[in-house]
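After the structure tokens below, expect a handful of questions from me.
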């Protein structure tokens, strides 16, 4: 699909970045241990790529990582106080 | 309509007031300062109850704030001159690229160095690449009228381009003369409120404004922008016509004065044309033929109109009040180039006049005319560029 | 917990700028308009036709995030009067340290003086990252950057970090604070407080950048904590009730040695290898002590 | 076309004087154009202003080099500036002074004098060190034009209206002073 | 002389180092940043023991500090690009007006909006009025050589003008290729220390630098400046010749490539000429005639040389990598205007190419050639301006 | 007693800018190079081919007096090394308040941070005088200027005066002081002190302007004294030994009422006529009190 | 003219790889030109670089659309980027992978594999998460050119010198790794 | 005499402002009473127009006003602590 240039390059239907699947950048991959996850959402606060779906304590739902975009920076794993996330080599 | 004696710069401010702008970010600089002064006075006195005057700390910020205000959906205008316009340079290109209908009054003034606060057109002519529409008035009345029309043109959905209106510094800005001031009501009818449809900043309908464009897109954005400038031409004609209908004063992209079948035709911009018209009248009284093409709309460059107007000319004396240093007259080069492929075309001769407030006198035109006539007689132009009224003893 | 910055942006893995924006917008909520100076944040989030911003966002140049915010605020004032509305979106100007300490300072200072209702957020990664890690007046003493390289005649940046929050506070504006992306609660509380004033406020956010500072991407948050725990960066706030009197909001019980912080980053490596640069290390320590004294954390 | 040059000092109101006269002429149906010598002069420095009046629209944009009339607001300028420069042979020079026209000799050009300072002070326009004479002296102008029947003529009533219109304060004092100058000018 | 593989921007920095400048005030901007980076590295490593690198806070200050340093008597250079050059706009005119021999490397890049960091020549071409000498290189080697020569020309007592050297952003600045690096000793001989005689700041002989000029003087200062730019031409020739003698590489204000008697001749600036030369070779191999005039010195505008070079052309395809929005190609207009009074002259056709990093391919020249040839055949130019390689679907 | 500014310049009668320069140069002596931002001082002293400056002097634009000074200082450093000399002229950057508080702030801030050896002198006449008395961020609350006019919707300038000396001091530079042309001994001592540092210093000189403030020309000096005696302008200095701790150098025994100062100037006339503007007068008083508190002269 | 395209990730050194090869070719008397895909990509994002080699000076300034060879520094890119795009029919694709050439099928274009990551790590070039393979993989390139006798040929010794010259640190480790790749490449 | 434009408008033989006799601006004129003058030079410090020749206490020389340039601002008269200067109307 060809993008039509808008007047002044205004972008209307934001966000439009979702087509850019940055998951492909990953070399290491965060894996969540749902058991260990205490749903504190600390990792969520720190993810630079909005790639963590926050946990829901009430629903007892652990966080979920959106691998379409997660770049594998490792921050979530490093910052989880409960070591609920581990970085593993990306399958190639 | 009321008739008032006002200085040119005040006439511009009156136009600014009549347009009821939402936001006026401005920074003072001679000889445009009357504009921000008057606008802040109108606000202080309650004559512009909705307007925000933003006393910015520099012209770069003036244009930046104007861009943001316009991008938010506000009718926005400002004024500047010379170093101020030069400091806006970066932001002028940006305003155009973002297609924001900002209106700017430029009090045409020389550029440093050496610093000089007086009139010439270097400041705005050196912004001819930037993607703005350029209007130039010959007197205060035209300044006021063009300023009003600038809003209409700029905000037209088919245009959406920033527009600058230049009148010569001091010679117009600081000269008092009678001016017809339109009624507010008539202006309101002529110039309805600006409703931003292409660019706005509103949490209820989020947009991203000012994204960067990679090579896959950039060139098309320039093409589109260039097209927009060129195709504002018919809209300008339309607005001029509507203005005439409502206010009785006729405008066109270029004005032809003098004999239609003159062999020697001047081309010039701005206030010097007034003096030149006097000279032409004197000259015609002697039975000689001479013409003047005055450029009012310089961007979009009025190719068609200029070609038509100069169809009978034998030699064109282009009188530039600015210079592209190391080349020559900017209007000269653009105009002459437009004719280069024509088999039948006049000779073109380039003159530089009135830089930095050098007074432009009747006699100067006599000299230009004589030089051009001599060339015409000789059948060729014998000199690249002629500086009018230079004191060679100083050199 | 709506994320107002979408994924798919092109920041480096571990980018602090996006973390900063996420936290700020989380506190500010969707009724917000952002401006952005040219820099990493702008370039990574808005390559036409892609944008990661879910709130209205505007950029035009590097120098003028504050001037842009001024224009928007003025426009809302005028349009509210014109249309009889009373819309009051938060107006947040983002800029990197370059767009704040250096080329954006004048526009910032002007906006602060004029008193526009806006929050200016500087995400400070202590160099011009977007153009490849050049010196900024925000860069600390001794830091290598590509324009303050180390060499036989140089130990990295010579000058101290410009005290930007103090400079902002010296403008005598309603609210000035420092924050760090590693302390989101503190940061968000400050954003909310800032937005509650009917005038300008300034937030200086420490944003450790793995690419520019040369540390692994997972350490972004840890590095911010280390800065605070070593006293390299102090979290405080100031209101105009008590001008220039910083109130520290996160007080480490005890300061860890500054060298822990320095050694964790490649940009300071030349201070330790091939041999310790005692002169510069001493200057750095003195600088930290001086700042701690300034905020009242050291006598 | 009738052209007038005004001499004064920065801050003294030479430009305003030109504008008042322009308003008067305009109200009588003339086209006018008035402008200062464009300079960067500060308060106290000698300055000049110009006025053109004509029955048709004025398009000329150059300075006035050969005025029909010259109005000197401050007598001390005479020793500093060549106030009579370029004045047409049938021109007139109007000077604010207590002296008599015959005390001056400008190449035998006509001289008119009026004690505008005295009149202004009497009417509480300005202070002893800073009398405001710009409207006052125009009374003398109106008188001489009337007497000489010049193209630059402006009726005294139109002038008084213009003075009133252009005076931000002390309207009637200004009008009275102008009238007095009109009456006492030594032509 | 040593041969090295370096990026174009580094080649410029090497030239900067060889010139041993006293003061280098600079601010980073892609794609020129390598220059300040390398210069600060040379200083940090003791390779430039006398040089002061001033890490200014903006480009406006970069040029301001450069002006002051040069006015003090220091050899001064800087580098920038795009928005950076635009922010210097005001100060560029001032540097020229003050006659200060500052050398500036411009990494040619597009201007915002939309922001675009890639190559075109809008930034420096839009400074064509400012009174600077303009050099443009085709490759890294030329960039380096021209940069060295820029110092010699700028500082020549007969010239004393700021000089900018442009090479195309990325396509040259970020491309590594072999470059001959002159020996320091040879450069020292070619380029002796700068001794300021016209402008200095020294308490022992006080001067006033940067006074303002009232209308009685200003126009003569512009005349003098314009003269200075024009008359730097012969000095440039002289310096080029001396450079060739010492370093073996020949330069001239314009380069002619291809068939001398070609009917279709291209005129262009910068790196695209490399590709174009390849295309010309291919084309000639097919037995067809075609020529290229590459402009290396754009200011002073090389009237004489261009006239001579295009004497045999039947149609000139002017390929602009910038645009005067609402008019057309800047090089086109200036070039065409120079021919307008000539009875015998080629047709001129205007093309816009490669804006914002749009890749310029062999095929583009094929298209240009075909369009120009068709016009030539038709005997007239059928279109004002042609945009090369535009994706119309995006519009 | 060599006058380093010659007569024949075109300042208004009673001009404070020239008084400021004369005093500064008297303290600095002839081994001095000056830069000057566009403004009254520049325009009145250097219409080509006339100059009133007896020391080397350079001007190029309005924004850049500090950047110019940076360039000169750098040039001297380099040329000294190149030529084996050790010339160290004083480098003094002059600018009006517009060229300091507003359009020149960024260049100033940059120069302060880089640490150039130079003295920046702002002669503050509280508006853009050269262009005809427009508002500056230096203009005080309530002041009429041509862009902060009084009227039914306005009482003159709304905002406070930007605290420029505090902003300079927040840069943590060797020396910052305020001075006033009415106290030449104090001013000259500060110039000398400033020039003794091997780094940047900033001097904020109060310069009452008869033309712009609307008072008779013989009152220029009296007006400065009145400002100090009413507490409207405080004379102090700060060194980086104690950052942001002003040491008052001229302490009036007792403060005279602020209204004495206001009533002496036409620019405040609208606060008293046609009727007293109590709201603005109160704001002005509060502002004075606030500043006095800031410098420790009021509790 | 021989044209090579490199695929890697931002920060991985694709540009450096192109430059090393350029230095090697240059030292053997070839003209070269190397350049990245000019972008604003950040660390981690897929990037590409180009190299032209020729016997005469290279003037062309456009991107490479039809490379003779492609070098893939990071195997994970294959699923993200079309690494074989435009490769000439007699071209070759060199991939850093533990897999065998036969595991790939790019329109039946020639594939060469080498475990550059393994070799690099063995030689202590980078870390497990961030191995530095830019010099290493060039060993495989040298080998395949040698075997295939291509125009893009670069002698292994020239290459090793170039690796040494362009390695800011760990010069010998780099050289060793390159050599190992040269020896172990699966052609 | 015609001024030759110097390159870049540099002014060399500074000061060159002395040709501009600003004494002509005066409406009031300061007159010194040499008797009263205590040679304190306070007036000198404040003169905006460098138009006061300083007093010399040793030589018992009072200040002298340079009427070529004095604009008559009145500052000297206002600031002289000893009322040694009086402003009088300029003779016309």
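Letters are used for the chains, namely A, B, C, D, E, F, G and H, taken in the order the chains are written, and counting of residues starts over at 1 for each.
We adopt the following convention: contacts are C-beta pairs under 8 Å (C-beta built on N, C-alpha and C of every residue); 3 or more make two chains touch, one makes a residue touch a chain.
Just so we're clear, the structure is a prediction, and the values are computed from it rather than from any experiment.
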Touching chain C and also chain F, the following chains: B, E
Chain pair with the greatest number of C-beta contact pairs: B-E
Distance between chain centroids, defined by C-alpha means - chain B, chain D (Å): 35
Distance between the centres, which are taken as Cα means, of chain H and chain A, whole angstrom: 77
Geometric centre distance via CA averages, chain H-chain B, whole Å: 47
Per-residue overlap in chain A, given as positions that touch at least 2 other chains: 3, 5, 8-9, 11, 14, 22, 25-26, 71
Multi-partner residues of chain D (at least 2 other chains): 38, 40, 44-45, 129
Contacts with 2+ other chains: residues of chain E: 49, 55, 57-58, 60, 83, 87, 90, 94, 97-98, 112-115, 117-118, 206-215, 217, 220-221, 224, 357, 359, 391, 394-395
Partner chain B, residues of chain C touching it in the complex: 30-33, 35, 42-43, 46-51, 53-61, 63-64, 67-72, 74-79, 81-82, 89, 106-107, 109-110, 113-114
In the complex, chain F residues that touch chain C: 101-103, 105-106, 109-110, 113-115, 137, 158-160, 162-163, 166-167, 169-172, 243-244, 290, 294
Residue ranges of chain D in contact with chain F within the complex: 10-11, 40-45, 129
Sites on chain A touched by chain C in the complex: 3, 9, 11, 14-22, 25-26, 41, 44-51, 54, 66, 68-69, 71-75, 77-79, 87
Complex interface listing, chain E residues touching chain A: 113-114, 391, 393-395
